[in-house]
Amino acid sequence: MSLAPFGRRRLTVTAVERLGAYSLLRAADPDGPVPAPGQFAMLAAVERWGAGADDRPYVPRAFSVARHRHAEAHFLLEDVGPGTRRLAELCPGEELWALAPLGRGFTAPDEGRRALLVGGGIGIAPLAILQDTLAGEAGEDIEADVVDVGRGAPPDACDVTVLLGFRDRARAEGAALFQGARVATDDGSAGHHGFVTELLAAELERDPHAVVYACGPAAMLEGVRALCEERATPAQLALEAGMACGYGACFGCVVPRRGGGYLRVCVDGPVIDAAELEQIDEHAGAPA
Amino acid sequence: MSVEFCGLTLAHPVVNGSGTFDALAARGVFGDEQLRERFPFSAYVSKTITLEPRAGNPPPRLWEAPAGLVNSIGLPNKGLERYISEDLPQLAELLGGPEGRPGGGAPVPLITNVMGASAEELTLLLEACDAQAQIAAVELNVSCPNVRTGLDIGADPRQLEDVVRAVRAATGKPLIVKLTPNTADVSACALAAEAGGADAVSLINTLRAMALAPRAGAPRGGGAGEGAPWLGGGTGGLSGPAIRAVALAQVAAVAARVEIPVIGMGGVQSSAHAQDLLDVGATLVAVGTESFRDPAAGARVARGLQPFAARI
Amino acid sequence: MSVEFCGLTLAHPVVNGSGTFDALAARGVFGDEQLRERFPFSAYVSKTITLEPRAGNPPPRLWEAPAGLVNSIGLPNKGLERYISEDLPQLAELLGGPEGRPGGGAPVPLITNVMGASAEELTLLLEACDAQAQIAAVELNVSCPNVRTGLDIGADPRQLEDVVRAVRAATGKPLIVKLTPNTADVSACALAAEAGGADAVSLINTLRAMALAPRAGAPRGGGAGEGAPWLGGGTGGLSGPAIRAVALAQVAAVAARVEIPVIGMGGVQSSAHAQDLLDVGATLVAVGTESFRDPAAGARVARGLQPFAARI
Amino acid sequence: MSLAPFGRRRLTVTAVERLGAYSLLRAADPDGPVPAPGQFAMLAAVERWGAGADDRPYVPRAFSVARHRHAEAHFLLEDVGPGTRRLAELCPGEELWALAPLGRGFTAPDEGRRALLVGGGIGIAPLAILQDTLAGEAGEDIEADVVDVGRGAPPDACDVTVLLGFRDRARAEGAALFQGARVATDDGSAGHHGFVTELLAAELERDPHAVVYACGPAAMLEGVRALCEERATPAQLALEAGMACGYGACFGCVVPRRGGGYLRVCVDGPVIDAAELEQIDEHAGAPA
């Protein structure tokens, strides 16, 4: 995984675009190392961080790197509170504090195994850069990731299938970040009417040798974890947790570890092997 | 220009608050080289270590308050034995030890923060620390609830003086007593620690606080959890800018009464905040929650403090 | 739907924190008619009254903290005699009295907050209040520093129980004891007040705090004053959102232990904050500093509290 | 004096213009009573009040009404900290919380006596509406004030002389709010090189019967007070103080009263008869 420069750094916002129910925030990050898929950043607005609902936000907020191209970092945001709202309101030219890249990302599948990317809601963000990487659509930057993800040798573009679940049509527009994703919506307004875990179950029937990469709400992650456990399918789950620091200092971001004790999502994760987890804690997923 | 503190010579007056900076985790995130070159504190204070390992409290462990943070971490730590066998050697590589600092430069002294439920436990902890050349000083966290009364051991001056006196002999290293702010008269507690034999006191720890789960309207608000305690630990402690004015009052009250040096902390975000604590009598200042917003906060604070600017 | 509190029937659970709303000054600013029709509280709590008049502390009396306010007002008041002869008649015109409310409607009960340095002083204050039909209940402010120890009288449970017991007989009206938050164990203090004969407790009062004069860079900063105490009174008390999580913890701790009703306050700005205090066991909620930001804040908070919405 | 509607109300910003070193903030106030000269408002931005230096501002800020015409209130701001900065950054269409009009304003001079208006720095603000009123340049709104200020009978436009002191040329541009003001600057960059109190002394020599109306930094107010005391000239001083509420609730805004005790600037003032004051407290003036 890439090491983060020590200390938060200033990034200049280059664009904030709507993508259905989400916002795509782009910021120039000339000094930032190329992140590995699944790594995240702690972000805060330089100006006016605070003074939102209940005088928040105060601490920075965690966001998966959704893309990193030409020294520009992309983040996909869902407005769920004062921090995400403030960030979504940023204008080009305004500045961000960023501490990144942080955490452990995804690990590439063994040679020849298919990658099943399963995203739910805002949890699709880290899967976008993962698809870029695994499918080998490597822009200059991306190659670095491939080496990283591929544990040494850039894999031949491996076979990647993307399954995305959303609550509604507005959120389903987030699928535009992917090439050839299959979509499910809870309300049937787009794609399969139902849960993305149903699509996953079908895929696993067809190809028991696939490797699963998932990120989304706790309920979805738990569904994925259970499915993969039954079939002994390896699964890498990108978790979430309320965080204050993002680099292991506060011990605030824990999830229960299988067999007792806790893992710090920011340094032991956010991508954690499903085998290390028992039932997914309700707070361990993306905002539902 | 440097600072003398209990016989230690420090490059500047800014250290970390215990439990707010994990040097070994940071080493993994930022790398050994960067962290060693840019280490933000003039001494490193460990998270509270207990005799037995502790898993800590169930999540959620954090609540964001107006200009502050409520935490209910529950003092997770690997226990004395593994702290000594696993962490000390790594800390020596990072911060240097008696034989100086890897890559040159003066070592960053290690202050080990310990907590025990009884004088017996504390004695064992202090004796163990005393045997470790790597440890420069010991900080006693007396903010832990007394198992019988539920009150912080450190909240009652008489009880505090007895505990400190009982354990004092267990180490020849500088003994810092970290006072609890949840008391009627913090300077009486400081005087008690001094009378018991403490070489320094540090304050303030977090203010006892609580939060309920977000209500309908807020994301994930409403529903079952609504109105129930949010923190897995039930209650927690408030830190950050919200407590700065309370910290300044307590540090001023303590520094005015005791002879021993004082480490002041609570809501420090800038050099001006640190200067306030120094002006009311603190010898050192600790940066806590602000390090969560920026791991380099300690260096930023120290850099702005004349005449130490040159040193960082 | 209404609330019963110590035999008083209130339209809703929202009252003012003592010293944060001056009904008579407000009458001059907003006019009798408006204020009477839109009075934001279901009962009116007076500023602390003492036996003798007090001028209060020299300015500056205010310091703005992160999400809070530090005040060092010093309990200015005209003294018992003039409070009774001058203020009570005017309050009767505004809020109504035993004979009902001018212009109709139920009167807004008056709760008079008093403070004394000794049981003797308090007895005189309570006896005087007892004789006034206009006064519905009395609130005892025990956050005042004990002249000898400098500690708040209310900080020591034993001392508090003795004082309350000694003065209890001086009035047949409901007696509310306003606890100090600057103590190790607020629920022990609440139990002591209950044992002493209090009919209710209220909390939290402000947290002891301090500020230094702004430094160079800030307007009027730097120069002579820099680094000296800002407040004319030296130290002050912190209120507002910054203390909300501390207030919630103390109110929850107290409500869990005592049988008598609790008035919870500290940083309430919205109905959700008030609901939190009610959910942990408060019977009434007081709005303090938020009234400075909006004199109608109390009504806004009450309006959002089901099932009282209808009443405002 | 005009009574304030109970409760803060939302005003919409109509314009924010630079006036040399100052900003002139204008806001539509359809429901606001016409203020008397010298009355003030407690203002806060509806959005993002907080998150400035040291997480401030928190409480609203006090501002003299500089003008009130056609249901629009004008405020002159000097950026001295997080509150004034935030207000000066407002854009047309953004909203303010306002509690107004507050406090006791100026009282008109007795028939035939000349009014000497003495302003220092940002303290010139309340003198602008006072000149409008005394000079009888009554727009529709203004008439109401005249009645008020004239204690019953609208005076014939009385003889008004305006003397203004500023630190430098940029601030001296504030004089544009007045008709025919005489200016002094500390650095001599505009008008008389020296203090405005020197101009006042000369005026008082010529016309001992004048009545003085002053607002400005504590040092200037003290100079005015002393001058007038010597000559037994009646003087009305508009004071300032750190305020939390503006309506008598917090007891935070006091200044020492002659003969002991304190006055609350917000309800006993801000305009106070010099005879009621001893030496002006350093905190009782406008930001110097």
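Just so it is clear, A, B, C and D label the chains in written order, and each chain counts residues from 1 on its own.
In this section, a residue touches a chain if its C-beta (ideal position, glycine included) is under 8 Å from a C-beta of that chain, and two chains touch if they have at least 3 such contacts.
Note that the structure is predicted; figures quoted are calculated from it, not measured.
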Specify the chain most distant from chain B by Cα centroid. D
Using mean C-alpha positions as chain centres, tell me how far chain B is from chain C in Å, no decimals. 35
Between chain B and chain D, tell me the centre distance in angstrom, where each centre is the average of that chain's C-alpha atoms. 49
Can you check how far apart chain A and chain D are, centre to centre, with Cα atoms defining each centre and the answer in Å? 56
At least two partner chains per residue is the criterion; list those residues in chain A. 50, 54-55
Quick check on chain B: which residues sit in contact with 2+ other chains? 65-68, 240-241
Think of each chain as a node with edges to the chains it touches; is that a line, ring, star, complete or other? complete
Listed in rising order, the residues of chain C that touch chain A in the complex are 67, 241, 269
Under the definition above, what is the set of chain D residues touching chain A in their complex? 47-51, 55
Going by the contact rule at the top, pick out the chain D residues touching chain B in the complex. 54-55
Touch list for chain C against partner chain D, complex: 19-22, 25-26, 28-31, 34-35, 38, 47, 55-56, 58-62, 64-69, 71, 73, 76, 218-220, 240-241, 289, 291-296, 299
Chain C contact footprint on chain B (complex, rising order): 63, 65-68, 70, 149, 151-152, 155-156, 180, 182-185, 207-212, 215, 217, 227, 235, 238, 240-246, 248-250, 252, 267, 272, 275-276, 279-280
